[in-house]
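Here chain A shows up in two complexes: once beside chain B, once beside chain C.
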Partner chain A sequence: MTASTLLAAVGFGIVTASILAVAGVGFTLQFGVTNILNLAYGDIMTASAFVAYLVTNAGLSVWLALVAGAAFGSAFSVLLNRFIYTPFVRHGTRLFGMIIVSIAVSLILQNALLAIFGANFFSLQMPRPSSVHIAGMVFTTVQLAIIAIALAAMLLIHLLLRYSKLGKAMRATATDPELARNCGIATDRVIDLTWALSGALCGLAGVVLVMNVTAFTDTTGSQFLIPIVAVAVLGGIGQPYGAMLGALVIGITSEVAAAVFSPQYKDVVAFVILVIVLLARPQGILSEVATRKEVAA
Partner chain B sequence: MRTAVIAVGTALALAALAGCASSSSGASASALVVGEFNPFTGPDAAFGPEMVGGCIPAVRLINAGGGVLGHQLTCVQEDTRGDPADAVPAAQKMIATESTLVGVLGPSSDEALATVPLLNTGHVPMFVDTGQAAFDHSGYPYFWRITPADDVKGYAMALWAHKAGYTRAAAVFGNDAGAQSDVPTLVSAFTRLGGTIVYNKPFALDQSSYRTEIENILATHPQVIFTEVDPQTASTFLSELQQLHGMLPVVGTEVTLQAPWLKAVTGAIGAPAMAKYFEGMQPYAPASGPAWAAYNKSLLASSSQVPKPSQWSTDPYSMTYYDGVNVMALAMIAAKSTDPKVFNAYIVKVTAPGAGKTVVTTFAAGKKALQEGKQIQYVGAGGPIVFNRWHNSTGAFEAARYLNGNPSLVGSVSAAQIAAISR
Partner chain C sequence: MSVAWQFYISTVLIYLGVDIIACWGLNLQFGVAGLVNFAYIIFQAAGAYTAAVLTLGPAVPPSKGGFQTYVGGAHWPFPLPILAAGLVGGALAAVVGIIGIRRLRSDYEAMVMLVVSLIATSVAINQVRLVNGPNGLALVPKPLASLVNLSPIGYQWLFVGLTAVVCVCVYWLVHVVTSSPLGRTLRAVRDNEPAASALGKNVTGLRMLAFVLGGVIAGISGAILVEFISAWSPGSWLYAETFVYFTAIIVGGSGNNFGVMVGALLVPVAFLEATRFIPQFGPPGLIDALQWIIVGVLALVFLWFWPRGVIPERRRRFPTATAGDRRRLALLPPRTGR
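The block that comes next holds the complex of A and B.
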């Protein structure tokens, strides 16, 4: 194992972390504010990827496909909450019941995609990327674009949470919805906007994922759900900054594990770290820090 | 927070349980059921449609020819998801609920070790597509294999690469049981031929990236890559290899010659790179002769039940599934019984060559000959079927390139060459 191989693994881990960060922040943000564990998240990613596929197949650019995927994820998530999840919550369905509902939505969505597109593999139509050498590592233009997209998305989320009224309202709603409502915050609207924002990140994550893997099918997003949940749990559920950190840990660790041990232990090593961290800090890495500094969503 | 963590754990467990469901296309009560016991979803979802491409044309011709002892046949999908945890309950359900089940196509390597004993105990004749060497000397009476074992596949790949002059190779196989069963004989044969396997580590499937693995592989300077991974993994791996370094020659197993794999990887690396760098090895099944013509005609006429049927016209596995159904149907007629416990022993009788036997290439011809009191040797679309004492029948391998949207034969490895290296 040479230092350059290790360095390359870290660099490649940043690409993986970028995809995980976009997906993980959306997932944890939505859970933190709405208290609904949406296990259909991976399937919404896939559906958004199919929207992007249709856009690129129509001859439009992959950048437009990214926007379309994010817009679809956002709109679908809002509608999903309005017409499926909220009625269950109003009827008193509790956390575990909502998990079952979200699994049902996941299966329905997955099978709907299978029925519409068939059991096949699809690729976005986009120009073949070129290679770029940076600090002894080789990236493709697509990978650099994915890193840039993730950085931009994380920066926007940071600005939104820290400096906007909506961000403050989201944090208040997440902390105590009843109190937030009594203070004049339109919590229903905040929840809608949270679904829209997390859905947009979900859609964006779906598109960047399939840009990276190049071929996808109706189950690609759901296969990615476990690492996304791991990122959210590792960072502290409901903590967007924790999810960013969790994505870095999982992304880099899995690539380094592939370099040092064997590719088949990629997930195993990452999840061993997850278990160790949770044994030491069941609330996740950043939970207490976030609460103390009032940066939690 | 603790509640949330518990909820996550419970949710993941429930999600896993939710994945246990299997699908069935349903069948009429009076029809004899042939189970298509293979993955239709999951990483090896490409296997199932290939099986449909063999079962449907066979059943179509059998039913058009008056059926078997007054019964029609039907193909019923049983999705194993390519996972023993799903396949075992699927097998148990199938045996318990399909009262007219006369046999199955499958299982594949993904679930064979867990389900072959179950099916055997249930007296279900199975025409397996598993290549696992564990079944080379199988003692299961209801086990039948007319596709080559994986160890044979490994020999064929090694011989083909050796013939091309490669001496340094990387083995890129998925960490699933099916793919890993190819590796031991590939390594031993390539080494015996004077080559070196410079990289051999199982791959975790469907990752978002394989860049680190590629760096490690390139550090060993291979001339060729041997592979069997699912389409999504292959697309990610090969496109990243192409982007980061440039393509290397690739020799794949027959899994890489299946339509979904070819489509996915061609989309990822482009048709010119596929045509130039990729070759796949598959059991040799010439697309010619009367048995193949009957198969292909029925296949092409089955478009209402087989999507894009022409994609299976030259697929050796679809041909062997077709042959498997025909053999079971003819064995029933020869045994004058649809009871598997009775007709199972007749499977050898309708396929083995012998003096005075009438060679037949279709179900209709076989049925007619049997009704006339003759003994028959069924020669199928995939060629002659000669079972050894362990119910295995294997043959030669062909190498194919993907040219102009179709696998095209570029050479072959003979059964004699394989036998020589396997000693």
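The block that comes next holds the complex of A and C.
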């Protein structure tokens, strides 16, 4: 284990953290505001990646593919909520039932992609990347683009949540939907817009995820789901800034663990962090971080 | 009946038996005790690996022509590997239960279990020396095959009988548990945990008991399956398989042993076997994909139209409750959401 391999691992970690941050912030907003644990999130990422694949295959640029992926993720999430999740909630399906519903959606979506595209490996058509040395770490231009996209997305989310009325309404709905409604916030519209926003982040994350790998399949997104959930839970559900921090922690530790031990244990880090946090602070992570957040904000 | 049909029908019957046993175990955990165990399949897997290893005999090192590595091989005579599988399933459930059975909101509990399932798969694949990694175990000798001198088809029917005997034993176990005061207490814990706790019931202990019993039953179902198909690998127990059992329980009627049996007949057997008869079309893997889509749609349709299943759990009435009792009961906290 030399210093240079460690540094390289940290570099990889920053790239992974960027992808995790985009996905994790979307997931935490979605779960925090709507209170629906959407286990189909990873599969929506994959579906968006396939949309991006179709766009680049049509000879259009990868930037357009990013926009198309985000737009698809956004539209799909809104429709999924409008036509599946909300009707089930209004029908009286509760926590456990909603998990079955979201796993069913995940299985249907994943296998529909398998049926449409087949069990092959796919990759986005992109201009050949060159490599860049920064502070002893080597990045490809694609990886730098991913980091830049993630930073831009995080900045936009920050501005939106802090300075727009919608952001305020979202934070209010996440904290206490009843009280928010009583204060005259149209929570239904806020929830719809949350699905649109978090869906866009989900789609964007799906595209940047497959930009970073050489090949993807119908399960690429769902394999990424547990690290995303870990990021959201570590940061506190409904806490976008917590998710950003969680993404950095999990992204870098998992890549360093992969370098120090063996690549097979990359995901195990996220698994273990998730299980420990869930068991040690089941409801605590929500309330405590939330109250501390109030002071900091 | 032609030999081919006999083979087919006996095979389906054995799968049906295994699925029924597995569904009863999960029903004990989920339907009766309200535990959202999305790691159920790992207890079946643990049982299957145990039975396989205890039947295969000591591992042959690759230098002597062995092709699979595993720990703790032995040649145990017939019923012992299955019993050991039950014990291992139960022991693993005890370990997972101590870590995972907390008073979590049920979607968090489901998530913890889902992650446990993924970790278990990852360990089984990456620790190749444990149970031969991604290739899994193969060529597990069939039980009693060397003792009884039967034609292949005769052996098939012998195995059907054996599965039926185990089914009856497991039914007896789950029936005794669910129809006894213990079962009533478990349902009370499921429906209103604070009330059960206030009446002095050891809620955590009861949940743990249901979890371990379910683990034992899952282990036994895995043992029978592996003794029959003689191979077992990580591909046989992905987390989505647990979803199939949950769907079977929802379709049949959660909390009702007979309903769950019907669910096992309908979902894993009728739906997934029926597709064998449609002619192959499309690229390979298309039919598998469509099967999963059908299972997903089935779960959604039943949750929407018949959330209590085709044979719902019997509503139990207790005549002693007076109007005053009911008023007092109404003051208790509402049932915790599932």
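We adopt the following convention: the second predicted complex is superposed on the first by the 271 of 297 C-alpha atoms of A that agree within 3 Å, B and C clash if a C-alpha of one lies under 4 Å from a C-alpha of the other, contacts with A are read in each partner's own complex, and residues count from 1 in each chain.
The rule is short, and it goes like this: a residue touches a chain if its C-beta (ideal position, glycine included) is under 8 Å from a C-beta of that chain, and two chains touch if they have at least 3 such contacts.
Nothing here was measured: the structure is a model prediction, and the numbers come from that model.
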Joint occupancy of chain A by chain B and chain C, clash or fit: clash
Touched partner set for A:91, first chain B, second chain C, both or neither: second
Which of chain B and chain C A:60 touches, first, second, both or neither: neither
Touching partner for A:123 - first (chain B), second (chain C), both, neither: first
Larger contact residue set on chain A - chain B or chain C: B
Which superposed partner A:108 touches (first chain B, second chain C, both, neither): second
Partner chain(s) touched by A:9 [first = chain B, second = chain C, both, neither]: first
Which of chain B and chain C A:131 touches, first, second, both or neither: first
First, second, both or neither for A:278, with chain B first and chain C second: both
Which of chain B and chain C A:216 touches, first, second, both or neither: first
Clash-bearing segment of chain C, relative to chain B, as chosen among 94-102, 130-138, 166-174 or 184-192: 130-138
Intersection of chain A interface sets (partners chain B, chain C): 37, 95-96, 99-100, 103, 106-107, 114, 118-119, 226, 229, 262, 264-265, 267, 278, 282-283
Complex contact set, residues of chain A against chain C: 37, 84, 88, 91-101, 103-108, 110-112, 114-115, 118-119, 226, 229, 262, 264-265, 267-268, 271-272, 274-275, 278-279, 282-283
Interface residues, chain A side, partner chain B - complex: 2, 5, 8-9, 12-13, 15-16, 19, 31, 37, 39, 95-96, 99-100, 102-103, 106-107, 114, 118-123, 128-131, 138, 140, 142, 209, 212-217, 219-220, 223-226, 229, 233, 236-238, 254-256, 258-259, 262-267, 278, 282-284, 287
Residues on chain B engaged by chain A in the complex (per definition of touch): 1-5, 7-8, 10-12, 14-15, 18, 40-42, 45, 48-49, 175, 201-204, 206-213, 215-216, 219, 231-232, 234-236, 239-240, 243-244, 260, 263-265, 267-268, 270, 307
In the complex, chain C residues that touch chain A: 36, 38, 99-100, 102-108, 110-112, 114-116, 118-119, 122, 125-126, 240, 243, 246-247, 250, 282-286, 288-290, 292-293, 295-297, 299-300, 303-304, 307, 337-338
